[in-house]
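Multiple structures follow.
The same chain A turns up in both complexes below, where it pairs with chain B and then with chain C.
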Partner chain A sequence: MSSSYLTSVLIWLPIGGAVLIWLLPLSRYATGSLALLISLAEVGFWIRQAAHFDFSQPGLQMEERANWFGDLGVSYHVGVYGFSLWLVGLTVVGMAACTAYGFWVGRDRPRAYFGLMLLLTGATVGVFESQDLLLFYAFFEAMLIPLYILIGVWGGARRMEATIKFVIYTMSGSLLMLAAIVVYGLQAGTFDLVDGPMSGSRWLFLGFMVAFVIKAPLFPFHGWLPDAYREAPPEVAAVLSGVIAKAGLYGMLRIAITKFPDPTSFYRTTVLALAAAALVYGSLLAFRSPDFRGVVAYSSLAQSGLIALGLFAGTDLGFDGAVLQMVAHGLISISLFLIAGAVERRTTTGEFRLLGGMARGRPALATLLMTVGVISLAVPGSAAFAGEFLILAGVFQRDWWWAAIGAGAIVLAAMYMLRLISAVLHEARGSTVSDEALDLRPGELALVVPLVAGLLFLSAWPAGISSHAFAPDSPTAAVRSQFK
Partner chain B sequence: MINTPSIDWFGLSPILALVGTAFLALLCAVVVPRAGRRLAAASISAVGFVAGIVLSIWLYVDSANGHTIVAGAFYRDRWTALSQVILCGIGLVTTLLAFEHVPGWRTYADLARRDDHVAEFFALLLASGAGMAFFVGAANLMVLFLALEWFSIALYVMCAIDYELEGSLEAGLKYLVVGSFGAGALLFGSALVYGATGKISFDGIASAIGSQGLTGDTFVVTGIALMIAGLGFKMSAAPFHMWTPDVYEGAPTTVTAWMGSATKVAALLLTFRVMTTAFPQNQHLWGWAFAIIATVSLAIGNFAALVQRNVKRILAYSAIAQAGFMLIGLSAGSALGGRALMYYLIPYSAAAFGSFAVVAARERELGVPVTLEHLAGFGWERPFLGVAMWFFVFGFAGLPLGGGFVGKFYVFAAAYQHGWVWLVIVGVLATLISLYYYLAIVRAMYMRPTAELGLRPAVTGGAPAKETLLHVAVGAALVVSVGSLFAVQPLIDLARDAASALPL
Partner chain C sequence: MTGGAWLCLLAPLVGTILILLGGSWLPRVAAGWIATTSVFVAFGGAVWAFFGVRGSTGHHGEITTAWTWLQSGNFHVGLQLLVDPLSAMMMLIVSGVSGLIILYSIGYMDGDDEERRYFAYIAFFVFSMLLLVEGGNLLMLLIGWGLVGLSSYLLIGFWHERPSAVQAAKKAFVMNAIGDATMALAFFILIAHTNSLSFSVLDAHLSSTQANLVALGLLGGAVAKSAQIPLQTWLPDAMEGPTPVSALIHAATMVTAGVYLIARTHPIFEQARTIELIAAGTGALTLLVAGLIALVQTDIKRVIAYSTMSQIGYMFLGAGVGGYANGMFHLMTHAFFKALLFMTAGLAIHALANEQDIRNMRGLGRVMPFTKWCFLAGALALVGVPPFSGFFSKDPIIASTLNIGWYGYVFYACGIAGAFLTGLYTFRLWFLVFPGEPSPFVREHYHDHHGREGAWTMLVPVGVLGVLATVGGWIQWPPLWEPITHWLAPVAPTLAAAEVSSTQEYVTSVVTVIVGIAGIAVAWAVYSERKLAIPAAPSLRRVLENKFYFDRLYDRIFYGPSAETATFLRREFEEPVVLQTGPDLGDVTLETGGLVRRIQTGLLRTYVLFLAAGAAGVVLAFLIAR
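Up next, the complex of A and B:
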């Protein structure tokens, strides 16, 4: 297909842009503009890719393949499926919003900062597009490097501990995955994800899964999450929970479930239990959390659990709902973290006991937070409702009690989200909220409004994603055929 | 009348070029006035190494059918030639580094006196390079030992060349004592093997062991063990590593950069050749021995590096751990293992050289040994060197920023193909531990404000502040270490052709 170059462009344009930004001695303003331009170009290229994507065809599209090192069967092989297309879209849109946020707040050391943001964009797109295990691993690891520096340099006061924890947790998972990749690839004689055979090895399945459950994360592998989300700059926390966490869930779908059907059945109950635990425990922690970011962080844990529940239900509805929910939660979480950043900039804190009463005189902030919050707590008619409903229906087909647990957790979601909204917007005015604290500025609105508009669009037409993720096959059939 | 063997001069030409330029560089000490001595000696050294690179590439192309030359004393094959290309490449960048970072600059406030012994330094650099180039092609036990002593003696002197500095003298002495012990073990082992087989050539030993059924012979087994110990000293693998941190720390940083990369290349590549050529029947023994040495090196190198503050010591322990990774490939003893080892050494030697060169720049800036605290703010003050260091240490850690990632992947693949999943797991765990101290270097460079430094950067020794050549050398190392990630196939093809010269 003539438009297959887009697949590689989406990966290498931001990486090339990062190198360019590091090399050119541009001013702060020019650097930020260039980075923003590149991330908007990414969005443009993605729209073009989506327009050329043929949803009536099964299998990999816009494929590109080149030799990397042939003696072990490793190649540069990229391409997109329906569901990866949506995740790439989430990445480029989310990264554009977060890069713009960094530009808006004027981060120090702009060349380093924007270069790293672009590098992160390229690596994350690479994860969702690579169809070779080693290439996938390389991008999966490459995401970690800019994140490490972004949190470590531009993060909060306790950033050192946060970065160490984050890196050690995620690397211990991904190195076990590397061992699994070596064994799988040498047994199969190829590292290609499309050509590679299915495997029945439980050890290999666990090797892959440990990396994904840490990245997602699921209970009890979430130890790095609260620190990283609190100490990271808001836009980096937004990327972490909105986009990077989805890489772990994507890996479960693309590799663990697809290539290891028998181990998936064997460990299904275990993974569902971990996912349910993440969902309930995350929701409870979010309800008890004393600050804005804590609520969003733990709700991300809960949402990862919910999505994993959908994936490991192994039913059509579950897969469709999981993909929809990945995108919907990505947008929700990015919006919420950016709003949290806006609130923190005005009040210097995210702690609820110091906040409150911000709705008065700040209609834009109040409206946006309210809208995102209501979508997030899965009010009927919202995108998150569609996603959660599909997931619960899917997991209900597996066993009714999983759905019961999930439904219970959704009540908890309403509790923590309403608590967040009232603690920030309503109640008595907090001690840090001064009258001078402005409403959202046009610049900030320009970042958050498109994300919310995307959410409203998905609320109106959730089938836009849920029916176009695995088409034209049914999801289970597509997974069984290994997306060939 | 003694019958002289016919000599293939072309086969020896890289070594001869290095030896010849070594003599010329030494002459500079006498002939060239002090003002121009550094430039003259360094130029000669650069010419020598460039000639070495060109000739060994030529030899690589021209030696598709590997054979021994000079009456079976030396291998003219692609394994030798490729090793020599790598060694001469390291030599060339070391020359660039040494031009601005002459050992001795810390001692002399008087600029003029600094260049007193500069010609000797370059002569020793060329001589040790020649010794290593000779070493990697050794085809019998005699040449092996001679070449080992040849480059070792040059290195002993280079370590101690900053003789008004306590650390340097101490390093030289330590290296001399421990190194002699290693050489002694190697010599004793060689003697035992010769005693058992009556042969000194590697293939002669293999056929004697095969035809006389000496696989389990006490002399042969003890001899192999002692040879492994002797070579283990040179590659600084645990438990033969005790000298490494002290010597790397004490030696002038330029010398450390040269030793840390080149000696390892020579020792590991030669060891692979000796083991696969002379002792293929004993692979079950040396394979296990190296697997255990690899495990011990990974454990000791990584755990010890965790608690270091001095950056040169961290890098020294990291070098021990990296030897462990490369020994994983070596212990597999297969064609894939040989490829893995050869490939791994390319980004590794670039990163090892480059990281020490960056330390050298910081050392000059501050005039004190560089600890982690002293790196505070360095990444922002010297962006190019900071980013390069970033790539080097992440390359060591096996993150996909450089060829180190693919190298690790290859050695793990070799271990798995050999049936040693446990060794893969050991490697994975070791990588995980190593992250902590590699990240500590990045953390120190970028995440701490300069205010924490508590030291005023002061250029000592009246050195040129611009350090253009240092940047060129670091840039070259960076290009190799990152480029090897993208050019895996061509490099692997080279390594495969080189390894095809070995009886695998």
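Up next, the complex of A and C:
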């Protein structure tokens, strides 16, 4: 296909940009501008890719393949499916907003910072596009390394503690995955994801799943999450929960469920139970969390649980709903963390007892937080509602009680999200909210408004994703045929 | 006629968007007029749709699809509207009454420094409500249902600097979310068995368990939205919102949605007749409980709020026994007279510098005669005194319980007792507030508006509703004259069990009117002439003042435990166990390396080194395990 080059461009353009920024001695302003330009170009290339994607065709599209280590069956093999197209879109749009946020707040050591942000972009796109397990692993690791540094260098007061936890968790997971990849590849004779055979090995399935379950995360593997989301700079927390967490869920779909159908059935109840636990536990802790980011962090845990519930339901509605919800929650989470950043910059804190009353005189902040907040609690008619509705209808077909637990958690979601909205915007003015705390500036609006507009568009037409994720097959058929 | 439906739905949304985009560039007055105009345009659309249905053959309605909203595999749901007799009737009521109330708000909200936000919210509410009644499949209905809950949250909490308003708004949203969740579960059953959410699947044959569960889920949504027991506690608190909001949402439109839902989804309720009778029983219970609580309330808006709960109880009773047209007819007259009552109360509150305590209001009628007469029309309609509208709509509901079995007689007794309570609490309010010499408080605080009782934008809608509350019931007088029943027959025909003989109808009318007037007489004797003392029953009084302890019970069994569980989990599990696992894991890795303490430098690379060594071991283990 003529537009196949886009697949590689989306990966290598930001990585090349990162190298360029590290090499060139550019000024702070020029560095930020260049990085922003590259991330906007990424969005442009992705729009082109989406425009050329043929939703009426099954299987891999815009494929590029080159031999790498032929003897080992390793190749450079990239391409996109419907669902990966949407996740790539989420990545480039989210990264563009977050890079722009870094530029807007003027992060120090700009060359290092923007280089890492671009590297992160390229690596994450690589994760969603790789069709070779070793390549997938390489990008998966390449995605984590910039994150360690971004949290460790630009993070809050307790950043080292947060980074160490994050490293230990993710490294344990990815090393187990590496082991599983090596064994799978040696047994199959190829590392190719499209050509590779299905496997019935429960051990290998678990090896992969540990990495994905930590990355997503699901209960009780979320020990790294609260600290990382609180200590990271807001835009990095946004990327982490909005985009990177989706890599774990994507891995469950693309590798664990597809390549290991029998172990998936065998462990289905276990994973569903972990997912439901994440959903309920995350919602309960979000409800008691004393600060803005804590609520968003635990609600991300809950949402990961919900999406995993959809994926492991193993039904059409569950798969479609999970993909839709990945995109919707990605946009929600990025918007919420960026708004949290804006609030923290104005008040120096995210603690609810010090906040309040910000709605008066700050209509843009109030409107945006309110809009994202109610979409995030899945008010009927929103994109998140569409996703959750499909997921729960899908998991209902597996067993009714999962859907009943999910419906209960949605009531909890209303409780914690309304608590957040009120604690920031309503009632008496908090002690840290001064008159100098202005409404959102045009620069901040330019970042958040497009994300919210995207959410509103998806709310008007969720079928745009839900019926274009596995098209033209039914999702279960597509998974059964391993997306061939 | 579908053009009318789209116009009706979209006009208020356009109004909202214009006000939001206009922001602070928009003059304050303009926001109110944009909202009012957009809703009256919607009313025009409703009239267009109404005549479209009227001119169509068979009156079976028409579905119009804009695009496929949600799709997965072969399950798909369109962004659809349905125009049929039932939705056309609701469109007329909702847009008509809303238009009047928003016009009234222009005067009521004048001078509030966030008027624009108010009008954006209220136009959005009308859009949501119209989506609810026009939605062409169950999912569209649920979306309207949820958005109505959202806009109600926004409007109740409009004065967001008052903690009580914020609390009330959150409570309303969460209780409604419980209803949304049970409805969603009902829909999951339908999807699992029929793979569709169109209204026609309600006729599909389900097993009796499935039908019962679906009906129960829908009933959960209906009781939450309509503030029926056991999900009623949010409605009185919702009176924290501005008074026109109470008139619009908590009287005329939103809270009656549960009745619409039962009428719309009646095929499933008829398959699950037990659940339908439970709905009727819920209505009967609520109408009594709410009527009793209304007797001890001292806030003018709360008295009317409890009377709303009680009247919706009647509608549930009517629809639940199978007389959908009776329920819908009462919904219509109730929209007129309850909006009227709230808006006259609003005139009083506005003129008395936001005072809401009826004990301070004695003798208000002397200074506000127009308000007094309009309130009286509303009160008589509420009690059901002929020829006011409530008389025509309430009696058929009570009569329709007579032929359904022994529990029918229980319902009948509840209905009659409720009529007595209605007379009593309504005229308690009347005698405490309007007749007699003005109290010192009234003299001190009353202020007129350029020599009138309120701005003309407030007085005109009150006058119009006063007329409607008086004559609005004449449109149907069973068994002589039943155009509404015939209009709704193609969509929601009355069940045979709810058909009654003319004698039963007449006897019930006579009994109800006598009992209602008896209630008025007792109120007169107690509160005006003070010939009868209020019975001193302190324990009963305490129970009523505590609203039968529902709030405290829910705090104790739901909110308290979940908050405590969350705190417990955080303190006893999350912090000591989950958040500690990472560092512990790191330490264990180091210890197994055999170099305890000396190399525990906290350096990342040492951790990584040992993790890598561990991984190599795992590869071996995997290979051996296979």
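Keep in mind that, in the parts below, the second predicted complex is superposed on the first by the 484 of 484 C-alpha atoms of A that agree within 3 Å, B and C clash if a C-alpha of one lies under 4 Å from a C-alpha of the other, contacts with A are read in each partner's own complex, and residues count from 1 in each chain.
Here, a residue touches a chain if its C-beta (ideal position, glycine included) is under 8 Å from a C-beta of that chain, and two chains touch if they have at least 3 such contacts.
As the structure is a prediction and not an experimental result, all values here were calculated from the model.
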Partner chain in contact with A:R159 - chain B first, chain C second, else both or neither: first
Which superposed partner A:S333 touches (first chain B, second chain C, both, neither): neither
Chain B versus chain C as contact partner of A:S376, first or second or both or neither: neither
Partner chain(s) touched by A:A142 [first = chain B, second = chain C, both, neither]: first
Comparison of chain B and chain C by chain A residues contacted: C
First, second, both or neither for A:A404, with chain B first and chain C second: second
Partner chain(s) touched by A:S172 [first = chain B, second = chain C, both, neither]: both
Chain B versus chain C as contact partner of A:A393, first or second or both or neither: second
First (chain B), second (chain C), both or neither touched by A:S4: neither
Which superposed partner A:Q61 touches (first chain B, second chain C, both, neither): neither
Intersection of the chain A residues that touch chain B with those that touch chain C: 148, 160, 163-164, 167-168, 171-172, 175-176, 178-179, 182-183, 186
Touch list for chain B against partner chain A, complex: 339, 380, 383, 387, 394, 399-401, 405-406, 408-410, 412-413, 416-417, 421, 424-425, 428-429, 431-432, 435-436, 439, 442-443, 446-447, 488-489, 492, 496
Touching residues (chain side chain A, partner chain C) in the complex: 148, 160, 163-165, 167-169, 171-172, 175-176, 178-180, 182-183, 186-187, 201, 203-204, 207, 220, 222-224, 226-227, 281, 284-285, 287-288, 316-317, 319-321, 357, 359-360, 363, 367, 370, 374, 379-381, 385-386, 389-390, 392-394, 396-397, 400, 403-404, 407-408, 410-412, 414-415, 418-419, 422, 425-428, 461-463, 466-467, 474-476
Chain B contact footprint on chain A (complex, rising order): 22, 67-72, 74, 109, 134, 137-139, 141-142, 144-145, 148-149, 152-153, 159-160, 163-164, 167-168, 171-172, 175-176, 178-179, 182-183, 185-186
Chain C - residues contacting chain A, complex: 20, 23-24, 67-76, 117, 139, 142-147, 149-150, 153-154, 157, 160-163, 166, 169-170, 173-174, 177-178, 180-182, 184-185, 187-189, 191-192, 562-563, 565-567, 569-570, 574, 577-583, 585-586, 589, 602, 604, 607-608, 611-612, 614-616, 618-619, 622-623, 625-626
